[in-house]
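Okay, so subunit A shows up in both of these, paired with subunit B first and subunit C after.
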Partner chain A sequence: MNYLLIFVPFIALVLVNLLPKKLRPISSFLVLLLILAAQSIFAALAPFGLIRAVGAVRMEHLFGFHLLIDNLSLLLLLSAGIVGFSALMVAWHSIKDEDDRFNFTNLLFILLIGMNGISMLRDLFSLYVFIEAIAVSTFIMILLYKAREAYEGALKYLILSVVASVMMLSSIALFIMFCGGTSFEVIKLSLVSSGALARIAIALFICGLFIKGGLVPFHGWLADAYTSAPAPVSVVLAGVVTKASGIFTLIRLLTAVIGFSPATKDLLLIIGAISIVIGALAALGQKDIKRMLAYSSISQMGYILVALGCGTRLGLIAAAFHFLNHAIFKSQLFANAAAVEEQTGSRDLGSLGGLAQKMPVTGITSAIASLSTAGIPPLSGFWSKLLIIIALWVSGNYFYAVIAVLASLLTLAYFLTLQREAFFGQVSVKVSSVTEASAGMLIPAVLLSAMTVGLGLVFPFVIKYFVR
Partner chain B sequence: MNVLLLLLILMVLAGLWSILTSLLLRATIALALTSVLLTVVMFQMNAPLAAVFELSVCAGLISVVFISVISLTHRQPLKEYLARRQKRILRFWPLPVLLLVVGVGLSFVHRPVHIMLPHPTAFGDIRIMMWQLRRLDLFGQILVLLAGVYGVLILFRGNKNGN
Partner chain C sequence: MIIAIILLPLIAGLISLMVPDRLKGVKEGIALFSTIIGLIIAALLFKQNIMFTIPWLGFGIDLSFRLYHFSAFILLAIAGFGAAISLYSVAFMWGKEKLNQFYAYFLLTVAFANGAVLANNLILMLFFWEGLLLTLFGMIIIGKKEAFKTAIKAFVIVGITDLCLMLGIALTGSLADTFTMSMISLPTSGLGALAFVLLMIGAIAKAGSMPFHSWIPDAALDAPLPFMAIMPAAIEKLLGIYFLTRISLDLFRLNPGSKISLLLMTIGALTILLAVMMALIQKDYKRLLSYHAISQVGYMILGIGTMVPAGIVGGLFHMINNALYKSCLFLSGGSVEKQTGTTDLSKLGGLGKQMPITFICFIVAAVSISGVPPFNGFFSKEMIYDGALERGWIFYLAAVLGSFFTAASFLKLGHAAYFGKSETANKTKEASWAILLPMIVIAGLCVLFGVYNPLPLHALIQPVLGAKLEGRDFAGLPTNAIIVLITLVVLAAAVLNHWFGVRRTGKGIGAADHIHYAPGLSQTYDLAEKRYFDPYDIGMKIANWLAKLLNAVDKAIDWIYEKLTVGVTFAFTSAIRWSHSGNVSTYVVWSLAGAAVAIIMVLIR
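And now, the complex of A and B:
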């Protein structure tokens, strides 16, 4: 199964491009939708033993390289499947031009292969190559409409991405010099005997991942890229791409190679806490819905980082659960923003108002996602934030636990502002003739809302998934 | 002075020139020169395949692409060019100073370095080594190239309204 996760989308990508031109957009949409749905079902059921990965050894002989699936891989596979599905649905209804839609689908194929690869790799250089494949396809996706502001967002993303690449390549070069290879086992073995230069190599790679993940102080590109990207691209970018390149790779490195030394834990806690606070404060002052959600993403990724900074099993479980929750509620909020922009032609909170009366489904689903992000029970976001705070408290990081609690209030404040100004209150003149978004736009929002509520309600059952 | 050290200093100077110059064509030539010097360094360090790639792709192909794009632009008026040059000098003057300080600082570091680089002939033919040991990376690079192809299709396709 693990090999199929990268070769099926690749073969499908090649085949749909060979079809007659008229058939390409619809066939690529349907094939990718099917692949994403199958991947999500596989990743959701596999930890419970309902689906088994078979034939891996035979496939390994055929291809000559290792791809390993563990429960951490399944977390990214599930997130990529859910977010990709939502982005594709949003794209089908928000991208009007057939060529643009087809190009988006093709790039989403590449993005999916890249993320699936990252989830299963155990080699630093291969990880870097797949991270670059994701970065290049994302950069082009942002420029899909060739809008002026998109060029600015994409250029910022490209420049900082190149800085991250230089750091990661330098780190890989150092590892090759000292370890003679880039596989996780080789690096882990040599880290024991290596000194200061090995620590520099690790620091360089982690800094590169922080840039890719858009964490403070490397977050300069994130708000512009998220805001200027077309609606479905924002969904996939905020939902899973930055987290796959940055946070997931970091979790993989921490658990499989570096381990949790006191210095590493301090670094994660400090960067995480700064990201939580600065992201939340910046989100408070925004008037553009997408920009507010972008800064909110920085803050939420900070939560994942502080959970990792505990260096405990509970911290890891909390980080993994918040990773999945963030993929769900953030892609939903961006899908809601896309619906609002589609129907009203605006993302400016100042010109919206009373939308819940005109777009009730969008209003309700957006409220659910906002409350989940703010950590209101019984939604899934509440449980992951609770786990993070408990993990911080139990590991003796009281100061960071207090910051996490206080920042949750800030999160609630900016989401209440968003809800009040966009969805509640008097219906503004500009939205008086607005109608609800099309069914295609609402399907992902409703599905993701159901997941947010469902995951929260069956939390004791779901937590087993993460404990394993 | 060691030949390798001299080549490295020249390479850094060429790299600095490519950043500091305010003319695109000169920057391209400086970048090509940097690549040529790096090629010589690679030959000196017993890595002929990397050197050939560096020379053909970085010094050759990329310079041709840059010059082709520059030929599509038009010359800036002299007054604007002079103002831009002034700005550029003001913006980048700390760079050579910083490089010098880092270089001098590193020259005082005398730590023994234990390098475990495999010998170039350890795996026999590098092409076979790439195919047998790094096949997945080649697949990843195909993905990057594919994304690049879609980038060209998207960025260079004219707008439907004729703009």
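And now, the complex of A and C:
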């Protein structure tokens, strides 16, 4: 089962490219849709024991790395499935050119392989390889239309990714130097008697991941990349890609290898709190919907980070749950933004207004996702934020708990600004003849906001069976 | 039957609210019909004992009514006044505006009053009691244009006292472990005393005693006149004194020597004196009467407060007597207002010849309230004197002094309105029969209750006391000859005083001027007329001051939220925007610096 998650997309990718040119776009779309749906269902059902999947498969004799699925892996598999599905739906309706569309699906295949790999890998170097695979396909994705501003966004991403790669590679080199290997088990064993060098290696790797995850002050590339990327790309980018390569790897690393030392906890808390505040404040000042959402992403990543910084089981649960919620509502918000841009041709809050009258479904789903992000009960975002705050409070980090609470007011402030400027109020001249987006664009939005509401309502159930 | 007497006026009131103004006479018909039926039912219910209980809200709050001699007596009185005043209103209010509201509030008042009297559960009683606050507000606000101020005043005063009543009921309920009135019997010590005082505040405020009186004189000028005759003059007095008697005799075990008894008597004595002093100087028919409506409550509270049989019987007798002559007086005022268009005493005069029947009714009621034998007020006052003297000469003195001023002010009122001359006097005609009939009936009752006082005392009042009566019978002539003699001397002094005043100024209206402008009193009166002593106005001043202070605090908090927080937030936001120059080398430097700090942090920990 485990290796299927990597090989099925890979083989499918090869096969669809062998097909006659005319059949390629539609077949690749359908095959990827099928794979994503299957993966989502698998990941959602696995925790209930309906599908026996949890466990390790050793494949050292074949590839030199081994894959292991645990509940954390399932979390990423599910997120990747859901977000990939949404991005694919958005892409099918917003990418007009057939070749572009085919290229996008191909790249999405590679992204999927990369994320599935990250979710299961237990080897630092292999992890790095998959992260890079994701990064490379992301650069190309951002440049899908070869637009001028996309070059700038992709370039910034590329440059900072290189910085991250340098950090991670030097860290891996250090690990090899004093551990003699890059497998998690090996590193963990030798970390018991670690010196200053090991600490530097850890800090370097974490900082590399911070760049990948776009946390303040490592976030310079993020806003431009998200904003300049084509609509479906920003859905997948914001929803899961940066989180998978940055945050998820960090969680994996912390739980499986390095553990929570006081220094790492402080690092996580400080970087998290800075990200929360700066991200939220920056989002408040944005006029571009996607840019606002990008900064909001930074702020939400900060929440996950401070939850991790508690170093407690509750903090981990909160972080994992917020990870899933964020994947759902952020990809939905970007899908909404895509719908708005598709229908009005603009993302500028100043020129929009009263869209909820013209695009009721988009307006309502966007309101749900916004409220969920801001942590309004009973939506799922409320529960994860509540858990984060409780985790902070219980672990004695009162200062950070207060910041988390106050910053959620800022979150509410910028989302209300977004809702008011774009969807409520007077119908502006520019949007007076706008119609609702096509069904394909609405399916992911409706599906995702249904998940937001549903997860919020059955929250205890989710916590009990899924996020462990 | 017992439910019907509440539901009938309730439904009739709601129906008349819906009757459009175009259909003339329908509302009047409904009101007249339902009050007369109500009177018949009340008469049929009289002398019956009915207990009616069905479970209602839980927590000991049952829909429980109890009809026994006391509630039947009050029920009959309310029904009687209801019928008389609805007949009067038909003539008086004919053609005026907002009639549907007037009749609706009128009938609802009757319904709620009946409910409050019958209720055997404190919470249920409170429900009806609060309903009366609603109709009180409604009745005043449909009056003149500026009436809303008075309505709000009445609402605030009565609302606050009702809050006291509510707290008292809660406390009583928790002390007695039940809300069923017939099962409560508490001592007045410790918390019991507090509970009693809270309930007492509700009761005496409803009756219109000082210091909860100040809306009544204002309402006298603003509200429709039948309202004054039915609410402050009759129903509210009946209810307030009824409830005061209930708590003093049944719900709490009060002793004649207790502090609470002393408190009640002090309130009573002060109310008598202060209100009557204010009445003396009034220059308006209705406003003068309204101060008497306050003053007379003092007698009842004093009588009941004595906690001796003579005082309690006197207080209750005075309650029904006062309801009779006071409503009669208000109705006579209404008759004058209807026929001349004014109640300003300086414009009235010489009406005695033109309106003889009104005049005679006024005379009967005025001598009753002044306590002239053999009218009803004389007998009830003698009993109160008797009771007061038993408890202390100072209370007796206050009561007698009150009598003197009462008589003096009615001599002045009668003289100014019905004797002398005025421009309008010759053109004025006698009022219509519908206005006269209620007055004649009520005045007749005043005479009957005086001349043949065993009727009300044996049938209505003395059964209320039961064992507390100690076997005595107060019917017939007063037993204490000295008190009667003093009363007569006081009345004679009042006449002399009036003669002196008229001689001095030459006019009936100036009969009290030598008291009004006496050194010392004059300044006090000025301040009182400017409402310096009005508890409501004092309270409002304090409330205004508090409101300004809180407003300033609120503004400051608003400023912190609306200006400071937002300003600081946006200052940060623009700083962050400014720092995000879009220059990729800057971002790389940030990342490297961040990594450096992280490594240093990890190393030094």
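In this section, the second predicted complex is superposed on the first by the 453 of 468 C-alpha atoms of A that agree within 3 Å, B and C clash if a C-alpha of one lies under 4 Å from a C-alpha of the other, contacts with A are read in each partner's own complex, and residues count from 1 in each chain.
Note that in this section a residue touches a chain if its C-beta (ideal position, glycine included) is under 8 Å from a C-beta of that chain, and two chains touch if they have at least 3 such contacts.
Computed from a predicted model, the values in this text were never measured in an experiment.
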item	value
Side-by-side fit of subunit B and subunit C on subunit A, or clash	fit
First (subunit B), second (subunit C), both or neither touched by A:Phe424	neither
First, second, both or neither for A:Ala223, with subunit B first and subunit C second	second
Contacts of A:Ile159 with subunit B and subunit C, given as first, second, both or neither	second
Which of subunit B and subunit C A:Glu132 touches, first, second, both or neither	first
Touched partner set for A:Trp393, first subunit B, second subunit C, both or neither	neither
Subunit B versus subunit C as contact partner of A:Asp266, first or second or both or neither	second
First (subunit B), second (subunit C), both or neither touched by A:Gly114	first
CA minimum distance (subunit B, subunit C), superposed complexes, angstrom	11
Doubly contacted residues of subunit A, that is, touched by subunit B and again by subunit C	196
Subunit B - residues contacting subunit A, complex	111, 113-118, 132, 134-137, 139-141, 143-144, 146-148, 150-151, 153-155, 157, 159-160
Touching residues on subunit A, where the partner in the complex is subunit B	6, 10, 13, 63-65, 67, 97, 99-100, 103, 106-107, 110, 113-114, 117, 121, 123, 125-126, 129-130, 132-133, 136-137, 139-140, 143-144, 146, 176-180, 190, 196-197
Residues of subunit A that touch subunit C when the two form their complex	155-156, 159-160, 163-164, 167, 196, 199-200, 202-204, 206-207, 210-211, 217-221, 223-224, 261-264, 266-267, 271, 278, 281-282, 284-285, 410, 413
Partner subunit A, residues of subunit C touching it in the complex	569-570, 572-574, 576-577, 580, 582, 584, 586-588, 590-595, 598-599, 601-603, 605
